[in-house]
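Worksheet: the structure to be examined is printed underneath.
The letters A, B, C and D name the chains in turn, as written, and every chain counts its residues from 1.
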């Protein structure tokens, strides 16, 4: 928290302080209102951008949608200015992840005034949805989401091994399928066959490419059963980690109870041994008084 | 339970009491018969409504189906009337969730007499299937279903975080797919691309929209693998909660049973044996009085 | 095991005994050879039946396939006759589940001699695959498969609640989809819409029916996410039960160690109390000698 | 490790030693650089082979791709020669799994000089991707991947029972579907119907074959729900095994660390305190010699 927040000196500082609390605070009514307002503005701006891409809607309401876009651009520009204004180190915010997204979400509209066509980039505004993570995070789900993150990070190495194995299987079987089915059956290249293999292995199954030879169908069946079966692996990995993450939070309570028996790091002045009980008065090894 | 059920005073009260026990009771033969009869009537009325929408059947058996509809309407009307009749506070029932569904399932047929075409609304009767939850609940699965409910409620926050993340991913990648594939490849708008993304992420994979550009196929493959992998997350969450729900219920019973039989550490003053029951007066080994 | 197996008296009995051990035994070389031979015969007869349905193969090798069918029919008939011959109660075998399947797998070929066309029923022979369960069971996987069975039986009630909920959801949303999309978009009847809903909910996604209205697509997306998410429920249920089934087998060892401290059901002759230690000499309650 | 590695005698031996450490070592900078270089070469050669099968790319860059193929062939040939050169028992390497793959990945190109068309076999080079397992293994994921292997091996028998059951179900229902739908609806043979059944049961759902009769649709719905539900079984099996594998490895470490610090039950003869370290000589509380 910047200094002027804790000890506002001038009138400007006091104003900055108020704005800062509104933008970054969550416990005041104004802070909550700002978060919810921002949430709604982001969602509506995303709906506007989506609506523009639907031909029927765009043909009939093009003007209205453009007006809405400009309104959201103004709102986000004001928000952006205020965020810079209240930051002690504005550059740090400007070049932060969210700072860049905030800029990208307003820049295209201004550029569109000079460069025709750049308007299309305003859909970059959809990236602002990422800010919702922060808004929601501040509101409720922080703890749960961090538990999930811990569980997923802990299973990272196992998941990588798994994905890597899946990828190798997909490339090998994809190549095989290319030579079995061939371009005449729609397997026009190895990458396309690998696409088919991934589509089948993940049980998505578009059906745009389908094996027509007996051998291709047989191999595909094996592939499906593999795909159907190995989904058990990431599920098992993540499940175990989530269970552990839950246990740890319980575990911390247990540790607390055992605290009394924990050995500490105090070094005996006489024999230099450590690992004494927390409530020890004398060294276990030489009998010297520890706190003498 | 209304007062007149416990202490019926008049003849009418006694009749009400009997009907009440039939409709709401489950332990009397009449109550069970009513529940099973209602179950069958609801299922048959649903089949009737389904049959009406099948052109071949409707063309040949239109009259018969209409007769059946009227029969079920009469049955449900009588049931509705009796439910109001035996309620102490009829209005509370009428405006309850099931009360409204019960009314909606009979109203359309009566309206159809006056307003032609409103007959189609009789399919609202399918909502009565929800009543089956209660019927089944009363019969057998109550405990299991409440355990599942507890497990799902406990994992609510984690599931919300998960769904929210999935949604953000779907919208971001959906927008990207729209700009990569474009309307010429069937990705006619962002909402439609998001539809494709959800279809792929959940491994449903209709195949009505399929990426045709190399980049689109590559991104889709990543999407599939993500979808295939992150299914592990809700599975892990719910699995852990179900395990907890199970452990608690079993754990509490076990602990209870063992409590009484636990052997203590009291040492017999005569023979020095330990491991007596908590409520033991005499030593099991030498018969000496333990607390002498 | 029939009497004559244990104590063969006549020569016939001795022959019966030998055949019985070959057919039902698994630990003798002859018994194992019979099991493996039967396994191969069943698999080959199934392949023969499958091959007959492939037009190209049937056109060129119709005669050869018919010869094979007759060979397998003779083999299975001999087996059937021997099974009846060695049974103490032949009727019990004939009307048992496997007895009926064994008969159904040979009857159609004999009938085909008299009634042309009944030959097609010989594919009932595929039911003999069920016998493989027994063959495999006898050989290796008995224990594992019984553990799985225990786990699945234990989760039966929860699974029923789950399936029932899925069914109700499918019917309600299927009906809704019928009215949203209508026959003009391929949703020709409610049962067909329910078919679509199940296809989507289970993430199969054929793509033969696809929503075309915005509302239908939106509802389908919700349906997909529900389907994607609730798969966690059976997974969690079964996972927990499998974990328990595993724990129990370990648990039984633990129980063994604690055996010494278990309280027994001996009743004290003096005070009628029970729940004494297994090694108790005197009643814990009144001090009376227990075995006096 | 060959003898000459440990005790190089001649200059050649010293050279061999250096090459051996580069090829098989992972802890020296040169060894790491070799591993990463090999990794990149394999990936690039796989991309080259894939690119050749894409018609557009091959038409325009055929020459360049052939040059690349030759470069990789030379690199892999040199690598192959060196591997033979530094092996104490070259034949053992040559006939090992990776030795054969290494040979298969270079042979086709040399054969193509003499036999036109054998060039296509160079895609056997994709098998070299399998070597990545070793490269990665040496680098990072060894432990995790072995844990997964242990978990999967432990659940092998259960998984076999499961797959076997799935197969029997697929064949039985596939045969049924063939007789219900028949060749006129695309179910042209039993193997093709079994293909459909596997596609449905694993929730892949291509949609190239779709039931058109009411009975076929009903049976398919049951099949989908079965497929959707029984995925819980492998998930449960593997999850439990992964949990066990994780518990064991953690458990053993924890126990080890705590062993040394465990407090014992010796009572100090002077102050009656207990809970001393196992290796304590003096009482922590009063400093009295414990074993006096």
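Just so we're on the same page, a residue touches a chain if its C-beta (ideal position, glycine included) is under 8 Å from a C-beta of that chain, and two chains touch if they have at least 3 such contacts.
Since the model is a prediction, treat every value here as computed from it, not as a measurement.
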| What is the touch distance from subunit B to subunit D, in steps? | 1
| query | Taking all residue numbers at the subunit B to subunit C contact, is the shared part over half or under half, that is, same or different? | reply | different
| task | Go through A-B and A-D and name the pair with more C-beta contacts between its chains. | result | A-D
| task | Could you pull out the chain whose C-alpha mean position is farthest off from that of subunit D? | result | B
| task | Could you please state the distance in Å, as a whole number, between where the Cα atoms of subunit A are centred and where those of subunit B are centred? | result | 32
| query | So, what's the distance in Å between the C-alpha centres of subunit D and subunit A? | reply | 28
| said: Where in subunit C do residues touch two or more of the other chains? | reply: 191, 194, 203-207, 227, 231, 235-237, 239-240, 243
| task | Spell out the part of subunit D that touches subunit B in their complex, as residue ranges. | result | 203-207, 235, 239
| subunit D-facing residues of subunit A, complex | 157-158, 160-162, 164, 168, 171-172, 175, 178-179, 183, 188-191, 194, 200, 203-207, 210, 214, 217, 220-221, 224-225, 227-229, 231-233, 235-237, 239-240, 243-244, 261, 263, 275-277, 279-289
| task | Spell out the part of subunit B that touches subunit C in their complex, as residue ranges. | result | 46, 49-50, 53-55, 123, 126-127, 129-130, 132-133, 136, 140-141, 144-145, 147-148, 151-152, 159, 163, 166, 191-192, 194-195, 198-199, 201-208, 227, 231, 234-243, 246, 261, 263, 275-277, 279-289
